[in-house]
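For reference, the structure discussed in these notes is given below.
A, B and C label the chains in the order they appear, each numbered from 1.
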Amino acid sequence: MPLDAPFIQRALIEALLLSGLAGVLGSWIVLRRFAFFAHGVGTAAFPGLVVAGPAGVAPQLTGLAAALLYAGGVEWLGRTRRVATDAATGLALVAALAIGVILASDVFEAPASVDRLLFGSLLGLSDRDLWLTAAALAVALVLDLRLRRSWLTQGFDPATARALGVRAAVADPLLLVAIVLACVVALDAVGALLVTAVLVIPAATVRLVAPSVPTLQAGTAALAAVEGVGGLWLAYELNIGPGPAIAVLGGSVFALVAAVSRWR
Amino acid sequence: MIDWLLDPFSGSLMQRALAEVLVVALACGPLGVWVLLYRQSYAAESISHAMLPGLVVASLAGASLLVGAIGGVLVAALAIALASRDERLGGDVGVAVAISALFGLGAVLALSPDVPARLGELLFGDLLGVTGRDVVEAAVLAAVVAVALALAHRRLALSAFDPAAAPSLGARPGRWELVLLALLALCTVAAVRGMGNLLAVALILAPAAGALNLAPRLPIALALAAALAALAGVLGLLASYHWHVAAGASVALAAIALFAVTLVLPRRRTLA
Amino acid sequence: MAVIVRAENLAGGYAPGADAITGVSFALEAGTIAAVLGPNGGGKTTLFRALLGELPLRRGTVELAARPAYVPQTDRTRHDFPVSALDVVLMGAYARTPAWRRVARADRDAARATLERVGLADHARRHFGALSGGQRQRVLIARALLQDSRVILLDEPLSGVDATSAARIDELFAQLRADGRVLLVATHDVEQARRWDQVVCLHGRQVAFGPPAATLTTDVLRRTYGDELVILAGGDRAIAVEHHAH
């Protein structure tokens, strides 16, 4: 892998930034059981990604818009009380996928890029993408610093969390916002359907062995960095999408750790 | 007007597509009602996402997609079952790991060889390319699912409605939930050729959600779900033909649109 | 009088070495209403599950002249299920209907008759979830009646139930007892238990069994309820404080 090529360097920087996000937020996604939410946001952003190119807008923005539409849709469906939440999520996701497919293949006629959209273009990033990811990481770090106690308490003892007052009321929504931002910057790199490969798998792996939150976050960042760079290398050498490479690498490590830790 | 409705189906290609989608709809509709009643929408989506490697392997090996689908579903179910049993993580996280890892594996397999598998068709279906044999295979699977649901109807209802009293009334809930998941897997296999593994779940969830919105009683819900699914199939194919859009996606969106329509209709609480 | 339900040194639970109930011994004749008293977590539901054969680990003897019908607490049913009251009652006939047959006409008629017996004939077609708590409870009792078993287990059938339904259910109990059936009723209501034939006091282990006069003494109640007991002035009347799980 030619380390002096700018596109490789950008890819490496992005991988490291994403591993930071994986460490900070991925840990919370796993601890607070928001894995499906993250998966959903990534998937739901797909139609947004499709229109980004033709509209000449940053994919992160259109992806964000699509993700917000999806989140709003699920929330609204839940309010009607005529369909259960998990069904609403499933329906909204498949609607997003179907709309994305039609936009990609029939409206904008960009079938080749469907693969890219689904599996990422870590090797085709611009400086703007890096800045956006760095911004998302900064936001995540700040929120983590100020809200981690609320996030922890809310997860394990909601009654006490309520007693903590106003902060608890905004803490969780802000966590969800941070997750949405993280998903949105990750999806350009690893694709809409494999956002969880970066944000969830490393944290889940480390969670199997790490007892405390700080260890979890640090360990996850490290593991995500290794998997991100490793996946990038695999993607380059084998000419496959970076998202799938990272997913397979991450999944294998997870299976290994799970098997070993169970047999001890 | 009649021409608009009938012309598309004058050719054998569209007739096969119609047969495929109708046959699949008749199984997915009722099955979807049970999936919703058992709150297993995540399982439905997970299984279909995670079966990708099986499909890819079959496609690359030139084997029947049916075999690949069954293999894929078994691996997916196993992985999901193993992953969700780990108490350290909680069900959702383990399942998310399993799905993305398997999905990634499918993509790696699909994209790396010199002659890549036609990933788009595996993901989004190839409704307009189904052969007569595909339709027969789907019909057999759908029939198995439909008959099984009919025979298991009362036990499924008991286990979902009142798991506490179900054993004393003749049904052990754990067993029947497993039966449902097995039928879900079979139904997904039946639907995957035409709808693709990402969109198949639309025919399972949307018509059922619409039917449960409208139907006051279970047998009506089951029949209505089948009808809505079939209607979605027809409407989707019509849209695909007249507006030149992807067939599988059109059927999926038609199903969801029909569900959306049911949201504005009043809910029936008692029989007329 | 024939003994319909007998337990001898019944013990068991959900995990090895951690018995939820021990030392349960009683015998109930036909035409008996027996109260099962005890604090939450004291083993009432576990005892029922043992009698139903659903307890994973069980020692001792259980003899039943018939497979019991079971009325669990109504909170456990799904209120959003698309079923009418009649549909729910019909579930009582499912066990005796083979999978490939429709429910027999005789059973359908019996279901309607049973609904009438609990005073809900007019509500047969109503959505089950739309009924009041007391009405739902009566429907579940009707379902148990349709099973036509000589033994009926009821888990707190009167908790949270409105006065009309409670009175109706009380009447029904009397009819069933006259019919020769055996009812085991888990309850917190000590006063109600006094009006019935037998009482089983359970706090993990069986504290007492016998007619109310002999068993509902302050001493027994204290041993059954521990801290949850409130003694009224006068010394010989006690009220058990009901704790609801959160």
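Brief remarks on what is shown
Criterion: a residue touches a chain if its C-beta (ideal position, glycine included) is under 8 Å from a C-beta of that chain, and two chains touch if they have at least 3 such contacts.
From a predicted model like this one, the values you see are computed outputs, not experimental measurements.
Ranked by the number of C-beta pairs in contact, the top chain pair here is A-B. Ranked by how far their CA centres sit from the centre of subunit B, the chains are topped by C.
Between the CA-based centres of subunit A and subunit B the separation comes to 26 Å, rounded to the whole angstrom.
Centroid to centroid, with C-alpha atoms defining each point, subunit B and subunit C lie 41 Å apart. Spacing of subunit A relative to subunit C, judged by their CA centroids, is 51 angstrom. Chain contacts: subunit A has no residue touching two or more partner chains. Among all residues of subunit B, those that touch two or more other chains are 212. Listed in rising order, the residues of subunit B touching subunit C in the complex are 37, 151-152, 154-155, 157-158, 160-165, 167-171, 212, 215-218, 220-221, 269-271. Of all the residues in subunit A, the ones that touch subunit B in their complex are 29-30, 33, 35-36, 38-39, 80, 82-84, 86-87, 89-91, 93-95, 97-99, 101-102, 105-106, 111, 114-115, 118-119, 193-194, 196-197, 200-201, 204, 207-208, 238-241, 243-248, 250-252, 254-255, 258.
Residues 36, 39, 41-42, 44-45, 49, 86, 88-90, 92-108, 111-112, 119-120, 123-124, 198-199, 201-202, 205-206, 209, 212-213, 243-246, 248-250, 252-253, 256, 259, 263, 267 of subunit B are the ones that touch subunit A when the two sit in their complex. In the complex of the two chains, the subunit C residues touching subunit B come out as 52, 54, 67-73, 76-78, 81-84, 87-88, 91-92, 94-95, 97, 99-100, 125-127, 130, 140, 143, 147.
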